[in-house]
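So that we are looking at the same thing, I have put the structure below in structure tokens.
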Amino acid sequence: MPYVNIRITREGATAEQKARLIQGATQLLVDVLGKNPQTTVVTIDEVDTDNWGIGGETITARRKQGK
Amino acid sequence: MPYVNIRITREGATAEQKARLIQGATQLLVDVLGKNPQTTVVTIDEVDTDNWGIGGETITARRKQGK
Amino acid sequence: MPYVNIRITREGATAEQKARLIQGATQLLVDVLGKNPQTTVVTIDEVDTDNWGIGGETITARRKQGK
Amino acid sequence: MPYVNIRITREGATAEQKARLIQGATQLLVDVLGKNPQTTVVTIDEVDTDNWGIGGETITARRKQGK
Amino acid sequence: MPYVNIRITREGATAEQKARLIQGATQLLVDVLGKNPQTTVVTIDEVDTDNWGIGGETITARRKQGK
Amino acid sequence: MPYVNIRITREGATAEQKARLIQGATQLLVDVLGKNPQTTVVTIDEVDTDNWGIGGETITARRKQGK
């Protein structure tokens, strides 16, 4: 019954990559805790770079500085 | 003062349906715990079917299989 | 496949009341959106009154003022 | 290492305002708890007014009533 | 910069198992999206079985029924 | 109506510090976006150091290494 939420910046993750994140996170819960994959839920939130910050700066600003 | 977050797949819920979810969740907190509805907050997140998985598969993939 | 998270202050909700919240939230998703209850997940977070604020004040402080 | 999530209604916050929220929330954690800003993450979720409710009503409905 | 939140029922996960979840989730983001592990944050929430429901029932109730 | 969730490691934040976080986050939303403080909600989650990771390691492990 686990619930996993993965938050990433919206920078072009493909449907195939998101499917791999969902598969991998589900398998991780099976491998480490023996959870039932059939009731393991994974959601992915893609957040605009204007809406994500680290170090007090938006990712938009950091990308412009080449960080 | 409760806060309720409802996450569903983005598959065409109407404004009227979302209003009913908000009304129903608020009333539930009033009925069960006697909470004040005026400070009960409900948010609804609609998540793309590529970004939601169960059983290690995306909802997009499951819909194609008729699940 | 909905996921519902209910956050309330930790002020003595009983196991029976929490079971009613889970049942009621699940039924709401069935009634309004026709969701499958078997894959509807509800979690309840009970948050200490020192850790919850509204109006810029903690609930602990508000309770002392009779709010 | 703190993680801050700010949820607001989607009603036209500008990139500059969102940058100020990120900067201010990060500074708050530095000032109050001495946290390292370089590993402090802030995300902002903008939620449609149809998807946000208080007092059992959507914000869309409340705006129409001048609330 | 990803942020991953893993929610599981509080049923005795060990510190070593939780460390493996954190390591595995971080590696997943590196492998699939090439994210920097140094700024990838993972949190684990352990939720009481009275506070988690699926199918409209608490996990406490389901465990008693041998589910 | 904003909702702010602040997640920190459980390492001894005092009630007074948590009250300052709540006050500061509320004021930030007033200052930047002109939000009404009376309906601004702030919650603080304190997460065990075994349950928080960065760089693929738990905070418990990092503290032992003097990080």
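We call the chains A, B, C, D, E and F, going by the order they appear; numbering starts again at 1 in every chain.
Quick note on the criterion: a contact is a pair of C-beta atoms (placed from the backbone, for glycine too) under 8 Å apart; a residue touches a chain by one contact, two chains touch by 3 or more.
Heads up on the chains, UniProt names are A, B, C, D, E, F = Tautomerase.
As the structure is a computational prediction, the values presented were derived from the model and not from experiment.
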Exercise for the section: Would you indicate which option in A-C, D-F or E-F repeats the interface seen between C-F, with over half of the contact pairs matching by residue number? Expected result: E-F
Handout entry: More contacts between chains, A-C or A-B
Key = A-B
Problem - Approximate Å spacing (C-alpha centroids) for the pair chain B (Tautomerase), chain E (Tautomerase) - result: 21
Exercise for the section: State, to the nearest whole Å, the distance from the C-alpha centre of chain A (Tautomerase) to the C-alpha centre of chain E (Tautomerase). Expected result: 14
Problem - Distance from the mean Cα position of chain E (Tautomerase) to that of chain D (Tautomerase), given in whole angstrom - result: 25
Fill in the blank from the handout: Contacts with two or more other chains occur in chain A (Tautomerase) at residues 1, 3, 7, 25, 39, 41, 43, 45, 52, 54
Exercise for the section: Over in the complex, which chain A (Tautomerase) residues touch chain B (Tautomerase)? Could you list them? Expected result: 15, 18-19, 22-23, 25-27, 37-46
Practice task
Could you please specify the touching residues of chain B (Tautomerase) with respect to chain A (Tautomerase) in the complex?
Solution key: 7, 45, 47, 50-58, 60-61
Fill in the blank from the handout: Contacts from chain D (Tautomerase) onto chain F (Tautomerase) in the complex sit at residues 1-9, 13, 17, 20-21, 24-25, 28-29, 31-33, 35, 39, 52, 54, 59
Problem - chain D (Tautomerase)-touching residues of chain E (Tautomerase), taken from the complex the two chains share - result: 1, 3, 39, 41, 43
